[in-house]
Structures are given as C-alpha cells and as structure tokens.
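Please go over the structures that come below.
In the two assemblies presented below, chain A is common to both, partnered first by chain B and then by chain C.
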Partner chain A sequence: MDYEVSRKVWESLVPVQFTLQSGGPLGDPLPYYTMLPRFTYLALALPKALTSFNRREDGVTIHLDKVWLELNGVPAKMYVPIGVIYDQAKIEAESILEISVKTTPPPANFQMVDQETMKAMFMQNIKQADYLKTEAAVTQAMMKDELPQLWRSVVNNNFDEFWAMNRKLMETDKEFKYVPIRVYPGDDKPFKQSQIKTKKPDGSYITVGEAVGELLQPSSYSTPSSSESSTPTSTSECTILKERRLISHGIVIPYHTPLIFAAKNLSYPDNFVHIVIASN
Partner chain B sequence: MDQADGAPASPEPVPAPEPAAADAAATPPPPKEKSEKKVKVVLKSIGDAPVLAKKASVLFIKPQETMATFTATMRRYIKIQPQDSLFFYVKSCFSPSLDTTFETLIRCFAQEAGKEPVVELQYSITPAWG
Partner chain C sequence: MLTEQQFRDELRIFVEKMNENNINWKLQENGQTARESHLVELPDGEFVTQDSHIIYNSTYQTPTLWFNFHAKTGAPIDIEIVERDLLKIPKTESTASIRTRISQYEHPFLGVLYYNIHPCQTSQIMKELKLGEGTWLMSWLSVYGQQIGLRIPDIQNL
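And now, the complex of A and B:
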C-alpha cells in the first residue's frame, strides 16, 4: 500500500448541489451545497440535504421515502460511489454536480436506497471483490463484525480505521487471482466486468490500459450490432482506446499503470477499481 | 480448486440441457432473435423461497439485462409474495449489485457444466450468507 496515494484518494472531495423542487406554497428552499468525499454515496448524503430543506418554517417536512433523485435528466444511482457518478457526469473539472430532489412519483428505474440497504450493498460488493481476488478466502475468515466495521469507517470518514481493516483484504497471502475492476463505457451504460489477472503468462504485469482494452472487447455474449468496437477481431487495445481517457477519482490514469498498483491503491472502499471512459 | 461451488449441499448436478421446446417454455421473454446469444441461467431455491420445477429453473437471459430488471421480472415468475423480499446470490457467497449485467455474470462467475457455461443463481426471500 502506498500511504500517500491512498490518503490523497480518500481525501478527495467533489462539490455537490441538491435542489428541491417541491412546488410548495413558499416556493422552493435554497439549494443545499456540500463537499462530499468521492468514496461516499448519495444514500448517505441525501438525509443531510433533507435536514437542510426541512429547516424551513412552513412546517412541510420532506420525507426520505417520498423523494427521488435526478441527475442530467435521468434517475441518479444512490448506490454508486459519488466519485464515479461525478466522473461520468460530463461536467467540467471542478464544477458542481447538480442533483435534483423531486417529490413527484418516482420512475420505475429509480431505486431508493436508505442507509441500511446501502450498508448491505456495500458489504456484498466487498464480498464479490474478495471472491474475485481470493475466492472469498479473506471474507470467509473474517469475524462477524469486521465488514460492518469497515462500513462504519466509511460512514464516519475514518481513514485510519478503514485501512486497519482494509489491509486484510488488500495484503493477501497469495497474489490476487483476478482484479476487481469495473469499467463504465459512458452514455449511462452498465459497467463491464470480467476475469482480469494481474500478470501475463510471461510474468510481466498487466497494465490498466490492457485491462480496460480487454474489458471493452466484445465478448461472445455482446450484442453484435450498433457498437463501434465490434469491428473485426484485429481490433487491438490501442484502436479501442484511441483518444479515450481513463478516469478514476477525477484523475487521468496512464495506460501503462500496473493494474495491481491500481487495485491496491486506487480502489474505492468497496474494493473495486472504478474506471470511467471519457472520449477525446 | 473450486471449493465454493461444492459448498452448498447440492444433491444433483446442474440439470442437463432440455430440448429446445422446453427451454422456450421456461424463458419469460420468448427468444425471438436467434442471432443473439443468451446467457444460460439456473435458479436454485434456498431457505423458504418457493421451489421451481426443474424445467422452469433453467432460463436464457439477454446478456444486456441487469439484475435490477431481472429481479423485478423474477418476483412474478417465482411468485414471490408481495410482503417478501427476493435476494439473488452467486457462488453461495455474495449478491450481485443492481447494475450487474448477465454478460458480466457469465464472464466472471460462469460454471462450466459440461460444454455450455452457465450462471447459477441461488434465490432466497431472506438474506443468506451474511
């Protein structure tokens, strides 16, 4: 673990604005502005925004289960790390992520996630990541309270406590079998994930660029039409990634970064490396 | 090697592929586009969840479908009571996140049963395996 890198990644914040569109008699309350850690979730931030909205004197209280969130015209995902949402949002660097809190009936594809559900989702992601890395050897050997403790350190923004526990998941006896990495191809498409090893057969390290190239290659199950990357099999990693930037934590990740370095130092607390593809 | 596979008590191996007619009957969205390769999924009930007939527990799902839409469809298909929840698990270990596609499941967590890769999903109405 590279302490400096991990610490910087943990401390990275993004500006977020929550606007309530309630249509109440007094008009809408002032927006709620906040700086949020990239590793946190809208599921954790929303209650604070609502507390701010509910401070008004007109007596109308907005309840968590009566709202939904919209970002750029589509329902926001409350269970995706905010840093990943920010990097996908196609906004200028350092501008504000604008979340609309709506009181209209939620669309079918919006999923309200409260803190308890978020905790469960977080722990399931850790278990999945550990399954890829060690076939779940580490998490199965953990005591019952260890994963909830990991979650608490995320909720309480406690870097030292988090790493005291996360070390077990990262510094394993054996090398990682596969690296937990998710690539977001853009346009709100679901992430891509596959079995990506740390090393090539010749023993050299697989790079982030190579891993992303492999993830974006059409698999035998990909839909044959529409995608530009489905051109003949000669499509090399370079062609697929041509003029695309790999973004994680708002940083352009050099293609040649060893994937194992990214896994150990640039993973989000859920133990996945999340990479957003940006064109040009 | 694959300890996790053998972990749950499974008295019988994954059902052998049924003739095409039975598959079509078991698939909720009827397979119309022959060109598109679907992901073979086997469902296994755990705990108090309703049990599916053997034929009905083998499905062919579009690779781009996500766990979110699949779960919604399966609530009706498995006839989950409105007051009950529905949880899916992979490898008797973890629950895949809502945005996970079946392409991702087959690429990462396929079981090689015979010649055809298959995704086995355990389902439960209560949280299992922590």
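And now, the complex of A and C:
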C-alpha cells in the first residue's frame, strides 16, 4: 500500500449543491453548498443539508422521511459513494453536483436510506469484499467491534483510525484470491461484479482494462463461472472497451494498471474498486 | 457451491415443480432468475405486493433470495413496517441484529434497492443438507423462503 496515494484518495473532495424544492409559502431556502469527501454517501450528507434548510425562522421543518433526492432527472442512489455518483454525472470536471431535495411523493424507484441502513450496507460490502479476497478469513478473525470501527471512521472522516483497521483487510498474509471490483456501465444501469483474479495462468498481472472487459462481456452471465472465465482474453477487452475511458476518483485509470495495484490503493472504504465507464 | 450453469439447470426444474404445485414462479431474464409475487395483508387491512426473486450470486457462488414489498402505488414499504409487520420479526430481536442477516442492497437486474438474505452462510448450510440433483433449490428455499413467508410444497410429495 502506498501511503501518499491512500491519503490523496481519502482527502479528495467534490463540490455538491443541495436545493430544496418544497413549494412552501415562504419560497425555497437558499441552496446548501458543501464539499464532500468522495468516499462518503448521500445517506450521511442529507441530514446536514436538511439542518441547514430547517435553520430558517418560521420555515416549515423538513423531515428526512418526507423527502426524496433527484439528480439529472432521476432518483439519486443514496448508498453509492459520492465520488462514484460524481464520476457518473456527466458534468465537467470540478463543476458542482446538483442534488434536488424534493417533498413531492417519491417515485417508486427511490428509496430513502437512513444512517442505520447505510451502515448495514457498508458492512455487507466489506464482508463481501473480504470473501472475495480471503474467503472471509480476515473478517471472521476480527473482533466484534472492529468492523463497526471502520464505519465510524468513515462517518467521522478519520483517516488514521480507518487505516489502522483497514490495513488488516488490505495487507493479508496470502495474496488476494479475487479482487473486489464494481464496474458502472453508465446510463444508470446496475453495477457489474464477479470473481476476478489478480494474475493470469502465466503469472502476469491482470490489468484494470482486462478486468473491466471481462465484467462487461455480455456472456459473462451466461457462461459458467470457471477458473477460465476470470482470465480475460484481449479480444473481448478490445471490442468492449473501444473508445471508452475508465474513471475512478475523478481520474482516468490507464488500461494497463495492474488490478492488484488498484485494489490496494484505489479502493473506496467499502474495499471495492469502483470504476465508471465514460464514453469518449 | 453451485456453478452458474448448475444454478440455471436447478432453477428450471425448480420452477416446473413449483408450478405443478400451483405456486406461480416464473423464469425471467433468459432463465437467469425466477420471480414470484403475491399479495400480503398488513395489520391495518391494506394489501401490499410481495415480490421475490431467486438470483445467482457470483461472489458467493450460491443462489440469493431477493424480495421487496410495494404498495398499490408502486412505492416501496418502509423498512420498519417490512421488518415488524410483514416479516413479523419479534421485538426481542434488535433492528441492528436483523440488518446483519437481512438488509437492502442494489438488485443486480433492476438496479434499485431490494432486501436480500445474506448469502454468506449459504454454502455451509447447504453442505449439511443431503441433496440430489434437481432438489437443491427446493431445499434451499425451505431454509430461506420461510423467513419471508414464501409457500413451499411438502418436499416428501415431490
């Protein structure tokens, strides 16, 4: 693990604007502007935005369970890291991510995620990632309070506390069996995830480009998962990734980056590498 | 452990057997998932739809049970109502404890939040059951489906 890279990844912020559209008698309050760490979630940021809206005198108090969030005309996913939402939002680099807070009846495909639910999802992600890496050896050996500590350090934005614990998940005795990676194909489609190894049979490292190519292959669902299926061929990579960029933490990840490097250094706190596909 | 191909074969047989017993599971997404939905009554008399999906989880290499409850408007039912009124989990189990075994997660095909029963123990549980070909999913559902009130035919009669 590279301390400088991990520190930069942790400290990376994105500008976000929350706008309340309540249609109240006093008109809407001023938007709430904030810089949010890429690793955090709308589930954690929304209560602060609401506190700001509710600070108005005589204003109607807006409750968490009465609002829903919209981004670019579609319901926002409150459980996806904000950095991933930002990279998917098709906005110019460094421009503001605009989140509308709405008080109309929520559409069927929006679900409010409160902090408890978010915590449960985060822990499930960590466990899943560790299952891929070590067949859950690390998380099973952890003390009861150690996983919640990871979540606390995310909530409190505490890099040192986070890495004191995360080191155990990243610096394992054995090499990772599979790499936890999620690929977002775009157009609000669900992410893709599978068992992707770190090395090819000849011992060379699997690259990020190859891993993404494998995950986006239409046939990856229809072929039985065998040891061969996680060894991508270069043809699939070429046909699928033609003229596409791989974005993580706002930067273009070169195709030839070894996947294991991305796993150790570019993973989000949930222990997954999140790659957004952008068309050129 | 079940390969994806084995899962698909088992799923086809499972759906046929369920249909013979008048339980209406349907294959979807080219045979990658099976789906069943029916109405459930809330304590206040309102009827909501319970929608259940069996989907292969390629991380754990096991089937996973996904489900959600929707009002007539299509809006998902609040999590507390799901846990206490629909799944009827007694108050003696804390919310935190429930969410270590059942929680919301992004549905792999629909891309919206659904509940899933965590599959991390599935392989272990299934090892302890004696299984013949074509009975895997039925036995699996008898373990997992009852937690969310799904109907299962008497396995002895199959």
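Here, the second predicted complex is superposed on the first by the 263 of 280 C-alpha atoms of A that agree within 3 Å, B and C clash if a C-alpha of one lies under 4 Å from a C-alpha of the other, contacts with A are read in each partner's own complex, and residues count from 1 in each chain.
Everything that follows uses one rule, which is that contacts are C-beta pairs under 8 Å (C-beta built on N, C-alpha and C of every residue); 3 or more make two chains touch, one makes a residue touch a chain.
Remember, it's a predicted structure, so these values are computed and weren't measured experimentally.
S.K.: Quick one: on chain A, after the overlay, do chain B and chain C clash, or do they fit? Just give me the call.
M.R.: Clash - chain B and chain C, as placed by superposing on chain A, overlap.
S.K.: Per the contact definition in the header, classify A:M123: touching chain B only (first), chain C only (second), both, or neither.
M.R.: The answer is both, since A:M123 touches chain B and chain C.
S.K.: Quick one: classify A:Y79 as touching chain B (first), chain C (second), both or neither.
M.R.: both
S.K.: Is A:P190 touching the first partner chain B, the second partner chain C, both, or neither of them?
M.R.: The answer is both, since A:P190 touches chain B and chain C.
S.K.: Let me test your reading of the model: by the given contact rule, A:E135 touches which partner, first (chain B), second (chain C), both or neither?
M.R.: Only chain B; A:E135 stays clear of chain C.
S.K.: On the A-aligned overlay, A:N109 touches which partner chain: chain B = first, chain C = second, or both, or neither?
M.R.: After superposing on A, A:N109 lies in contact with both chain B and chain C.
S.K.: Take the contacts of chain A with chain B and those with chain C, and give the residues found in both.
M.R.: Touching chain B in the first complex and chain C in the second, residues 77, 79, 109, 111, 120-121, 123-124, 127-128, 131-132, 136, 190-191, 193-195, 221-224 of chain A appear in both lists.
S.K.: Can you name the residues of chain A that touch chain C in the complex?
M.R.: Residues of chain A touching chain C: 65, 77, 79, 105-106, 108-109, 111, 113, 116-117, 119-121, 123-124, 127-128, 131-132, 136, 188-191, 193-195, 221-226.
S.K.: Quick one: which bits of chain B touch chain A in the complex? Just the residue numbers, please.
M.R.: On the chain B side, the touching residues are 2-4, 35-39, 63-64, 66, 68, 90-91, 93-104, 106-109, 127, 130.
S.K.: What residues on chain A touch chain B, complex-wise?
M.R.: By the definition above, chain A touches chain B via 77, 79-80, 109, 111, 120-121, 123-125, 127-128, 131-132, 135-136, 144, 147, 178, 190-195, 219-224.
S.K.: Give the list of chain C residues in touch with chain A in this complex.
M.R.: Touching chain A: residues 3-6, 30, 32, 58-61, 70, 73-76, 78-79, 95-96, 99-100, 103-113, 118, 120 of chain C.
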